[in-house]
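Given below, in the form of structure tokens, are the structures.
Presented sequentially are two complexes of chain A, the first with chain B as partner and the second with chain C.
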Partner chain A sequence: MLFFSFFKTLVDHEVTIELKNDLLIRGTLKSVDQFLNIKLDEIHVVDEARYPHLSAVKSVFIRGSVVRYVHLPANAVDTALLEDATRREASNAAAARTR
Partner chain B sequence: MSFFGFDTGPLRDRGQHPATAPGFSQIPDHFASRPNDDDDDDGIDFEDTYDGLGDALDEKDDAFNDETFGGGDDKIGKDFDFHGQTAKVADAMDEEHEVFNRSARKPSVVHSASTQQQQPSRQALPPAHVPALRPDMSLWGGTTISSTPPPPPAAEIHREQTPSARAPTQNVKKYMSLDEVEAEILMSQKPLVMAPQPVFQGPPPQQVHQYIHQQPDFHQIPQHGGFSMQMQNMLRGSQQQQQHMQAPQMIHQQQQHPDHLRGIPTPVGPAGGARLPPHEQLQEPRNVYGMAPHAPASQLQNMSEIERTRFLEDERKRLKRNHKIAQLARYNGLMTPNDKNFITRIQLQQLVSINNADDAANEDFYYIVHSAIRARANPTQPLNQFAQTYLYRQGRGNRRQDNHLHRMEQQVQRAVAAAKARPKASQLVLEGSLGKISFSNVKTPRPMLNIKKNETGVGEQVRKTQRSTISGAGKKTLLLTIENVYNALLNLECHERDRGKLPPPPETNIHTEWEAKRQLLVSKLWQELKIMSPIDPSSNQTHPFIAILSYTKMKRAIQRIFRHLDEEQRVTVLTMIVVHLDILDVVKNGVYQPHETTLPSATREEIDLFASTVLPSLISYVYEAPLRIVIGLLGILLERVDVVLVSKTKIGLAFLTMFSSRAEIVKQSGKANENELAQWQAMYDRLFETLQGHWMGCFPPNGMAVDDVYVWQFLASVAVGASMPQQQMLVGAVKDRVMENVMASKTLPAEIGTQKSANVNLFMRAIGLDVELLG
Partner chain C sequence: MEGAEPPTLPPQMFTTSAQLLDLTDKKLLVALRDGRKLIGVLRSWDQRLYVNDSYCDIPRGVFIVRGENVLLLGEIDLDREDDIPFRQASVEEVFAGQRQADAEKKHRDKVHRKKLRALGFEDEGEVLV
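After this line comes the complex of A and B, so read on.
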């Protein structure tokens, strides 16, 4: 849930999604769900010359399982908070295991 | 017009198949009385196509045909006459057909074909009858919506009745012969202005009646949402009766009008159409899907300029609306109820996890806190943004929507309750089955890996490391200690957030409970800090607190921890740091090595971080501390720490500055008692003595390039409290540096120059001088 929680805060920020087929798509993150499926608006492909068939596409829905990386906007990430959230996640998981 | 795209128009128009030929005879049967106009030139001549093979047949051996095929005098049965048989039940079949068409949502082939001529205006209908694809509002709990009422049963009856009622009578009778049509055309070309008498023997009143009744039938299939509904309403309303009275004439005109055959409406009434007759209005919506209207050109010409613009404006608006509706309705019905259920289930699952308040703080920690921080930074944004995003996205203040949302919320609450009641097993082993069935839920969409950890092994390891922490061990232990501090801190902060949920002031059990828990958490945090571990001067082990403080993340935590500590604990932290000031990483590493002009970047970062995170907390405490504490701290510092070494570092100097300036402020405020002041003076003298001869060592090497304001601040704070001889000594010691800086400030660019001289001035003012005096 940490990633889901995290990506939700990036809604309306510009991100670059790198897919497992090496396609890089930059666009505004519109929504994300618990499978980390991603909806992007106003997209453009980074290497447009190589993927001309995508130049007319304006928005995409990306299945979470095909994403390799999400390039984050650094200034939209609160690292300290993210550290805390990670700790929390870990302690939750630990608590769940002992339960 | 037809389903298969054939021209199902009257066959005679095409003249390809003889009307009298077998097989299709039943349909052109209506024209049987008419003179046969098939013999036009482009028709296909039988003689041209017949290959003459029949002529070669041997006909003479027919003698025993009777024997072979049965007696010739027997009456020939009709068993083979399938077509004839079919014709008998044609009506029933028609009806069947209609029913089928409706249920299958297919274009009604039969009727569009057979009624085409009878009502020419219907040619403007769209090529296919789009099935009624509208969101089924009953999904939302059966609320009826005023604006789009469901088709009333009355219309249903119409539909059932009309085909059967129409098929035998009007289908046959209403077709006009070409002569009749010609007569009509001629009639209509006469000026219509003189409200024409029903010259045409055509549709008798009862037929008009039928026509109107057919209207709802035709628009039963609502291709364009509200429009047909509106029309139905109109028809169903009280107007209907009125129309029965008024309409005959207009319908009359319409049906006769030649232009209508080509789909071009012409001025209908004497009024010229500024106000369209009801029927004209009824017809308009047939131009659906934003197709260009069949602009009543001649009608437009008859209008005045204003009327025309108004008419066009209305038309434009209407088309725009139609277009919009069509756009919206385009994807209606794409999902089956099953699909919708599936989606709803997922969404509900989602909402269950969201609304699970106690879980939310844990599961969605980052999002919740992040948006809380953002909301604080941007007060215009409401705090419960999350709820808004997920629940009220569509609610534009619409009453109906609100109602649905309310329902939805209730459903969600029920779902949450159900989900909580359900046992939380993640796997199911059915008896006799070979494998396990694992459930997925919203938090663990699909368990991909299930690695069993050796629980006992881990436990032992932890215990071991905990034991070793006390003896002070490696990096891993320290990091683990820091993590424990963070966990305690997070729990405390989480608890602290609940403060807002407490009921208002009157102290109750809840308050005391909350406070007790807070105390517990604070003491836990305190314990995790390991600050109370005994200080063993003989041991060469670093004190655990100082050791963990050398890590960046611990430095960051100090500010947050300080918030929860009481006075005594703060003093303890401060004392602990002061006692170990010379072994504090930022001090130890902050000393410039003999040939160094700058510190390594890692050290510089640590120093900056310490200055920005740890120091402010300490300073804010010291600036409110009583003088005796300052004296005590400085005493410890002088006693146990290598002050000369400390004075060579930025952080060390910051501590010294902190103490001396605080003491000076207390001294000047006059609140301190004599005894304390005397003690302070003694302490100060000791400090001065210790540092005497090392003043220049305070400055970083290559002072011209780096910022040395903290040194001047320190010197100023020392100089303020200094006696006359002390001041002279001080000035004598740093005189060169002062001159150097003053000279430099003149050669350096204006901005840096002013900064330099301002720095020096800090010190000069403290001893009652000014840079200006130096010339």
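After this line comes the complex of A and C, so read on.
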């Protein structure tokens, strides 16, 4: 659930989603759910000439399983905090296994 | 989300549902994993997804889409929709063009994957178009 929480902190930031079919969509992150499905507003497709079918689309809902990368604005990410949280979750999981 | 559901929905269900709620009864473009695009009005959904009254070049009637096949749902801006300079073509023409584009893409992907494998990257497979 860590990355679910992490993405929730990025709501209202401009992100670029790269799908597994190489489609790149840039837009404002509106919401994210526990499957990491993503909703973007005011989208534009990075290579619009190749994907004309999205030119009349203003907002999208992207299924989490088809996302390859999320390109984030570097200044919106507290890397140290994220690293700490990741380690904490890993150690919690390890502790839960040995219990 | 398969299997027996508890009598009450877990609270995280609502986060998913709420996101699709505001797309219901809107004109959408649904991109499927096989590369097809369905345009229609979203009438109903559950953890999976239903699209009603869909058409592409060919009127399709009612479509029920299983969620795993969905790439994305795009809400169509009805004002911008008419300004798109698309050329209406016959079904045969479009299908022939599509087959050619698919073949080119398949070839590109093959080369791409071969190069990635040579560099020691795991193959992503051929699932997505």
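Please note the rule applied: the second predicted complex is superposed on the first by the 99 of 99 C-alpha atoms of A that agree within 3 Å, B and C clash if a C-alpha of one lies under 4 Å from a C-alpha of the other, contacts with A are read in each partner's own complex, and residues count from 1 in each chain.
Please note the rule applied: a contact is a pair of C-beta atoms (placed from the backbone, for glycine too) under 8 Å apart; a residue touches a chain by one contact, two chains touch by 3 or more.
The model shown is predicted, which means the values in this text are computed figures rather than measured ones.
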Touched partner set for A:Ala49, first chain B, second chain C, both or neither: neither
Touched partner set for A:Leu81, first chain B, second chain C, both or neither: first
Partner chain(s) touched by A:Leu19 [first = chain B, second = chain C, both, neither]: second
Which of chain B and chain C A:Val60 touches, first, second, both or neither: second
Chain B versus chain C as contact partner of A:Asp33, first or second or both or neither: both
Intersection of chain A interface sets (partners chain B, chain C): 33-35
Contact footprint of chain A on chain B as seen in their complex: 350, 353, 362-371, 373, 389, 442-443, 445, 453, 455, 483, 486-487, 490, 553, 556
Touching residues (chain side chain A, partner chain C) in the complex: 19-21, 25, 31, 33-35, 37, 39, 43, 52-63, 65-66
For the chain C and chain A complex, residues of the former touching the latter: 12, 15-16, 18-20, 23, 29, 31, 33, 35, 37, 67-68, 70-77, 80-81, 83-84, 86, 124, 127-129
In the complex, chain A residues that touch chain B: 1-2, 4-6, 8-9, 11, 33-35, 78, 80-85, 87-89, 91-92, 97
